Amino acid sequence: MQPLSRTQITWRAAQDIADGSYVNLGIGLPVLVANHLPADREIILHSENGIVGIGPAASDDQADPDLVDAGGQRVTLRPGAALVDSAAAFGMIVGGNIDITLLGAFQVASNGDFANWDSMHPWKGPLVGGAMDLAAGAREVRVIMQHTTKEGEPRLVTQCSYPLTAPGVVKRIYTDLAIVDVTAEGFIAREIVAGLTPEALSEKTGAPIVVASNCATLSAPDL
Amino acid sequence: MQPLSRTQITWRAAQDIADGSYVNLGIGLPVLVANHLPADREIILHSENGIVGIGPAASDDQADPDLVDAGGQRVTLRPGAALVDSAAAFGMIVGGNIDITLLGAFQVASNGDFANWDSMHPWKGPLVGGAMDLAAGAREVRVIMQHTTKEGEPRLVTQCSYPLTAPGVVKRIYTDLAIVDVTAEGFIAREIVAGLTPEALSEKTGAPIVVASNCATLSAPDL
Amino acid sequence: MKSAADAIADIPDGATIMVSGFQGSGMPNALLRALVDHGAKDLTLICNGAGPHGTQQARLTDAGQVRKLICSSARGRSDEPTPLERLWRAGEIALELVPQGTFAERIRAGGAGLAAFYTPVSVGTDLAKGKEARDFDGRTYVLETALKADFTLLRADRADRLGNLGYRGTQINFGPAMAAAGATTIAEVGEIVEVGSFAPECVQTPGIFVDRVVVLPDLR
Amino acid sequence: MKSAADAIADIPDGATIMVSGFQGSGMPNALLRALVDHGAKDLTLICNGAGPHGTQQARLTDAGQVRKLICSSARGRSDEPTPLERLWRAGEIALELVPQGTFAERIRAGGAGLAAFYTPVSVGTDLAKGKEARDFDGRTYVLETALKADFTLLRADRADRLGNLGYRGTQINFGPAMAAAGATTIAEVGEIVEVGSFAPECVQTPGIFVDRVVVLPDLR
């Protein structure tokens, strides 16, 4: 059994983004999806601090502290980009103009609830950023995360133990082991890495998970 | 007794606008105030369809159907003008950024209520435009109107018989006969045209009106 | 889109349609003309003012295609009732009169995904009757609900292939707010410009809001 | 205004202050530095995030000048608690955590004269606890109140004599909304440009919202 690397997960998630989509990529793993968007598709990346049309990451000599994405990374603009203020940028999100948001998560529940903002850290200050706005506003919420914690605890669960970011919104999850859809019937595995049995997948999943009859092999190029 | 002409009323109202003010002039008589603004003051005219900084009326060869004020008049822009959308333009109004609005009215009551939108016409369709937004949002509402109707009925009243535009907002009224402040004690005449006695003014006014002890003569140049 | 007729062909009976424009500036006359020809009826029209006689917008209401008009002005300018005023008096068209700033703000709220807001405008007037009033910090506000539309029709000066729009002068008026509040937004423009022609900080309506563009060069 | 110190000299103890900026871009560091030196205390600070250690904004909170912080992030990046995190844990600074879009919209509402609005964001989460929930058309929304300030501090790239502002890149972030929501808005800019330099359709913050401008040429 060969789990996908972090880079491979982001590659795989990128393949599912349709031509013409407006997409917001969350901080962390999701933002790396930008590196793998198919070149033949026109996909427009949105950042909640006011960019519609992020271009490639800035090289050292391009880097401009006044051209940053939501994670603070120095970026460029693609031709045809627009710069707007934060209220307008979030208006696009909550107004339903972002086709897909890809977000990281601590946990996703089989009813689509997910948690990604409050790590319940004993002394760190609270941080929510734009997570709840994206979760409530985007037309489709997809999550990218490891299938289990470092300690091997499932992150796909029947009920989130961490405070929710939004209830019932996640439609698809990309992990190192599987692509899992969140349906009215709960988790359904659409792709599983080679060598992982349905039983082994169930063991690593904290809620009932059905393997689709047409379940494919989850794979990605060496990256 | 020599009442002010319509043009003279607008001239007089213009003299009371302080340097540096942002001003919105209502359709009809008020918009003519723009012709008489003192040249040594920087007064910025706002139009609710999205102009901050209206310039002089357009000459025939300047006239552009895509540069109009709220009354549909073809205008120019002053240097430093901004063009914004209607939501932003009304945000300026309701958000309290218009120092003064000058509006026409059917009636003003001695508690500051006024009526200028619904003429109670038997068959005409309703029209409110931006009147209520200006009335509720501007920092100071001043009214320009004839002191009485064509039939001689008072327009300054104890209670408006026409539907209100806003309650309790008018601070000052410019008429062909007087400048009247609306105070907690009711109407107080600050200036009266020469030859008009306090008694004659009271007769033409539908509510108690006090003539200020320092009441001046209301006059304007021949225009 | 090849033509205005193509662009509006899928507007069904009963649709809610926003139409930008103020005092003639920014009115999407080609799209409106196509909509009259198309014949969709039972429309709810959200447009700041009733169009003066002879305009494409007036043709739409005069033809009886509009069931309800949400606006800040439905008054004709003539000494005789306009066809719209007659339809209204006869109960064949419903009017919802809204203060113009509240009208703009309701559309802006619809585009931004909000359901409703509290505004001080119209408090104490007939237009606040039947609306929920509520005090915040000692001032009274009324509750106004957001407006959204199935289709938005607007005119701009130019567009790029991504749907970014630029307006001439006061054409802009309700365009940006309506573009955001329409599920399908259709713009008629005078020119298609190269992608990259707009300065990024000066895109008056970003293409994310625009679904269809019709080029009508004789508009310019 | 000659200096940042002059521009903020009348900020009293207990004032509510909005500060623009996101990930360092658009932070009015000269004004913040002056405010630390000025020493006003018991401030309510409305700023998207707590400033990283060493920034002027962090100096303001670390110095105990802030009684309450309204933000979408108050988390430090280090393995040890930041001074702000210590003050918060000790109960010496109050935190109001707001989703970033709701934060922006509350400020925008304050500038536009609205009292409150219903948003779908945060419904069903801990951040909606204690807030009024209400259904519109079958979806649940929570009531969020507008934010206003006595003073807004922001950075822009350039200004003209009328106070019109232009921003570089992502400097814009909360600037336009906060400029409108502040009773007194103070901008620090790198350059004063001639009146007429801005294209009218491209004035990112119109001068009507701006009260004071400080020119700091070394900002550019």
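Chains here go by letter, A, B, C and D, matching the order in which they are written, and residues are numbered from 1 within each.
Assume contacts are C-beta pairs under 8 Å (C-beta built on N, C-alpha and C of every residue); 3 or more make two chains touch, one makes a residue touch a chain.
Given the structure is predicted, the values throughout are model-derived calculations rather than measurements.
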Based on CA centres, what chain would you say lies at the far end from chain B?
A
With respect to inter-chain C-beta contacts, which pair, A-D or B-D, contains the greater number?
A-D
What whole-Å value do you get for the distance between chain A and chain D if each is reduced to the mean of its CA atoms?
29
Where chain B and chain D are represented by their mean Cα positions, the distance between them in whole Å
36
Per the C-alpha centroid definition, the whole-Å distance linking chain A and chain B comes out as 56
Could you state the distance in Å from the CA-based centre of chain C to that of chain D?
33
Send over the residues of chain C in touch with two or more other chains.
105, 112-114, 119-120, 169, 172, 201, 204
For chain B, what residues touch not just one other chain but two or more?
83-84, 87, 90-91, 93-94, 137
Interchain pairs in contact, sorted by label:
A-C, A-D, B-C, B-D, C-D
Applying the document's contact rule, which stretches of chain D touch chain A when the two form their complex?
22-26, 48, 50, 72-76, 81-82, 84-85, 88-89, 95, 97-102, 104-105, 107-108, 119-127, 168-177, 204
What does chain B use to touch chain C in their complex?
48-51, 64-68, 70-72, 83-87, 89-91, 93-94, 118, 123-133, 136-137, 163-168
Chain D contacts chain C in the complex at 105, 109, 112-120, 134, 136-137, 139, 141, 145, 166-167, 169, 172, 199, 201-202, 204
Would you mind writing out the residues of chain C in touch with chain A in their complex?
110-114, 160-162, 164, 180-181, 195-196, 198, 200-201, 203, 206-209
Help me check something: in the complex, which residues belonging to chain B touch chain D?
22, 44, 46, 52-53, 77, 79-84, 87, 90-97, 137
